[in-house]
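Below, chain A partners chain B and then partners chain C, in two separate complexes.
Showing the complex of A and B:
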């Protein structure tokens, strides 16, 4: 088996050799640059579809302003229904039939996991994915793929840093979903605690098929912990918040920021039950009056008015789209007309202190050939019973 | 030690959830000798109906009663429209219909009510935790409801003519026909009652796990394990089985196999029961002469 794999690998390498020499330019004509994307416009995750609509509207604005490098952007976005097999199908269609120059902002950890081998074998830039998995920062094994938002692992590092500062002798309980998403948090906490992890942390996992996590919460409380880290998706996060409150436990509670929606988590769990919960943010909250006169927010609102008049201005998906697309635009500008796939990747890894309109002040986009985690800073925020209130300085993830 | 007590009680509380769904499964099996894989989705759908009625301003118990009536109607309607033509079809064809029904209900719910979780009110909510937070008012209340439903089912099958007729229709259709039982309607009635019990289960579960289209996905498997453990043709056994599975799952997950293998534990129970004692702990052993 091993032999066969080596054989396959070496023959793949042989095939790749002739292509190393000269730059490959695909999807670019004198007037046009094709960008491919898939999004869950239908199915269980269809709420994220607004992100794709936002990306498309952003590139429409770029085109109206004269395009980039003399080219108009042709943004092609298909529906994958949040289903990995369909993501593979749509990716092949984008790469082999539409001949796109690159893939941008494809959404979902499962869908991107299904295509990452393909994009890297075919050397198609696979950029600024809309998922928080840490593995997209693995520039050694998948050099054609890069994430965008702070990874779950970075987020966990930030929580661990803060908690050590506040409670150097904390006893930590860690509840995580037993998959890539949840395990990233375990790794992140380990990054910071190092050899002290085993002594300080009690973990419990749950499966997405579990009806409730009550039993896990009860076990974790039994460990005598005074800090709780919950790496859970919305339903289980709401259950955890409620159970912790109901059994009269009062740990310092950190909650993964995928589960901080007021409508989908805090309100169902009971807003008063979650008071004091700490989570993190890296984007400006578009519903927060603090930013009423912020220039970045104003440019965003103007764009929404002009290009997405029917869009919901309280949907943060449009903010995410605006931010990620701004990053993409910067890369294309830096290409200075050379849109070969190699040069695109060079510029992707060459972003320095880029300020993006809707990132929190102090948070900047940075990449390098050895850093494929564009955003590594976050600010903490606390639940007041009605909304999230930011506090303290911007914190950077650990260096690992 | 306190940890053990907590786990035990949390187990009984989740067991109550499994028990109520197991009861609905047994109900269908009693009256049709089929297992309805769409049972969970139909119950979730009923729960959405209840939520819609409550949001429209109806008092909880009025919405509760109305939901039971509507669910009964949906159950009867489903049997008449979808299962009736499959009357003489093979078991596999029926399973196909059940799976199709599951998909239709689940996707329809996603379309109509969205996939985000919703909180569902409980009529037994108490603000002060009971027994130092060991149990909530809702857990006690819903366990009581499950037991009441069990009692009603028992009385219905044991002491009413209609219950007897339903049992007869499922047990031996042609003989029942000969003594004047309208077998087709008995089947439809069985579906209606199962849908009603499912609706009760859904409304008791939703306050605990939150309402979303996939609410019953995990629960149904544990409920199957419970129903099989107790005996698929014995309502009381199924309820005891449901509670047992809840406790076994919680204690096993916390102290024996770890939380990763909780679901596997349910599958192991199913396989063990089928291998060692297919009729379940309290089921009737059926011998057929070949």
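Showing the complex of A and C:
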């Protein structure tokens, strides 16, 4: 052992390429593997805290079943309060003080933006982030960071693909929120339409601070569009649905799936006003009776009963946690005991048709060294006036 | 009032006491010793992460010092100092990324920008006074994060995405790593600012500030131009807090509107009260408090860190109504009482 190390060190010195090619293993002992995470357990986004509790409960189950690669998982999760400086602080605590092997499922676009440079400079695996921004799939610039859920851009690509199939000569109106989130949709539609984008699409944007989007909707109608794509957060989505109905416009209407809550969007807009609206899904709806006897759903309910007896069985955050953690577990299994950071990244980029219990049938997790978007498929669903009804096949995002 | 009643390292107490030159020398020695300890001990023993926390605590301490000047010494309540902190941070970020300025050159500019902004806000607002001023400043804290997201300034601010900046490298001759260097840099700057403010507050102007806080009518009758002193105090305070924001941007290496929400302003206010309103050393404790208490609260209970935070805070206010800075005084009072018993 000693000799080998000396040999390695001297050959490295000889080649004068320190660090390069050396496998770095941190946060792993013979019996333990440390995983780091932060979540907004307090502050404005604390409703998402359940995801962190779900992740913790999942790894507890893994440990009860004997751990992975002979190691028990020590899942360390801190509160960042959805504040970027706190996220930096907690990340440094996890990496420099707790010496975690990797970061997993850290939540929030602003918080992850604040640490992405740090994790990539330090070469710390920064895996399966709980945010829908598209930039986490940028394997060239940030090779140590990878997202998980379908990005907003992928979602928009899927709408555009379906729309072209249905109405090859559509005139499209695109309303988007003027930030990262909204702009990802514009990019996604552009990916599919390419050079035809300028001819086919009229865009309008709004600021989160705007009181209403009425004037945008009216001017978009004026463009003569027969397809509407709304990339809006819940309050503005409800306003858009209401306004479109009230001015007697009947476009084919696509709605971003962050705004499909029945309580927060469809009911305030008026359920009958939204009939026919199309959106997308990738996870099984845990409140949908269709899945009563689904094996994946049954294993999830079993887990909830045992590890989160007080958890709200209608909170989809627990489903997200279960799915993302299952993906993480698969990566750790594939490592086959070699938990060096390099090997972890190799396995992260080596997932093939992984089936995850609560993803819709047909949707599989796939990654490769040139694909850092693990979930690129979704199924469309339509508003019936009472609930969302899935239809058609699973659609995959565009290859760009 | 003897030196034994002063806080530890707090030989810069607020009361103006005529002292013999020997005592002054002793004070200077104690301050120097405290500074040397604060510099040497963490460099020798703390990890990079702990140094980063201490650096943050240092920037908060400076920010609270700024707030304390206006609220503690001049009696005007400001709930919006987070806004100046944000403007300072963004000034540095923009100057460093768009104009390639070295970090240290941006600091005085950030301070001046915030000072001017503070003057502008203070000019009309300070005529309101009291609770109205608290609300006006509060609205500033609410507005600034949204203004930073505004499309018109996005090319400069980076919009919702925020902007990265590069942490300065330690000069090679120091032999320190970047975290150690930045800690020393912030510590030195903080020490200078605290000394300058202590001097200022013990001067004629400082006395004017406090007399306006304690009895505005009497102060006016003495011939003081209340509005003028108030506005200038406010500008000074905003400038110092802005400087702290600039330092924090360098330490965190990232600014985004979400970093400077209303909670930041409230945190600064909490830090000031916990440290000791109207105390010069108080902000040091305040800065440490707002960095470390959330971590302590979280280690007690992950389910409800907010509740633990609240309980600890109430506990502190109950035990130390004058803040940390009042602690030695309280101990001394207890001893005196026991002796009388």
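Throughout what follows, the second predicted complex is superposed on the first by the 383 of 400 C-alpha atoms of A that agree within 3 Å, B and C clash if a C-alpha of one lies under 4 Å from a C-alpha of the other, contacts with A are read in each partner's own complex, and residues count from 1 in each chain.
Everything below uses one rule, namely that a residue touches a chain if its C-beta (ideal position, glycine included) is under 8 Å from a C-beta of that chain, and two chains touch if they have at least 3 such contacts.
Quick caveat: nothing in here was measured; it's all calculated off a predicted structure.
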(request) Please tell me, clash or fit, for chain B and chain C sharing chain A in the overlay. (result) clash
(message) Looking at A:178, would you say it contacts chain B, chain C, both, or neither? Reply first, second, both or neither.
(response) both
(message) I'd like to know which partner A:207 touches here: chain B for first, chain C for second, both or neither.
(response) both
(message) Looking at A:92, would you say it contacts chain B, chain C, both, or neither? Reply first, second, both or neither.
(response) second
(request) Give one of first, second, both or neither to describe whether A:161 is in contact with chain B, with chain C, with both, or with none. (result) neither
(request) Please indicate which partner A:301 is in contact with in the superposed arrangement: first for chain B, second for chain C, both, or neither. (result) neither
(message) Once chain A of both complexes is superposed, is A:268 in touch with chain B (first), chain C (second), both, or neither?
(response) first
(request) Considering only the touch criterion stated at the top, classify A:387 as touching first (chain B), second (chain C), both, or neither. (result) neither
(request) Tell me which partner A:346 touches in the superposition: chain B (first), chain C (second), both or neither. (result) neither
(message) Going by the contact rule set out at the top, does A:122 touch chain B (first), chain C (second), both, or neither?
(response) neither
(message) Based on the superposition described at the top, state which of 58-66, 94-102 or 202-210 belonging to chain B clashes with chain C.
(response) 94-102
(request) Could you pull out which residues of chain A sit against chain B in one structure and against chain C in the other? (result) 43-44, 178, 207-209
(request) Provide the residue numbers of chain B that touch chain A in the complex, in ascending order. (result) 2-3, 6-7, 10-11, 13-14, 17, 110, 114-119, 129, 132-134, 136, 205, 208-210, 212-213, 217-219, 221-222, 249-250, 253-254, 259-260, 262-263
(message) Which stretch or stretches of chain A touch chain C in the complex?
(response) 41-44, 77-79, 81-86, 88-89, 92-93, 95-97, 110, 113-114, 117-118, 178-180, 207-209
(request) Could you pull out which chain C residues touch chain A in their complex? (result) 47-50, 52-53, 56, 146, 149-151, 159-162, 164, 248, 252-254, 256, 258-259, 261, 263, 291, 294-295, 298, 302-303, 305-306
(message) Please output the residues of chain A touching chain B within their complex, sorted ascending.
(response) 43-45, 47, 178, 204-212, 214-216, 218-219, 221-222, 234-235, 238-239, 246-248, 261, 263-265, 267-270
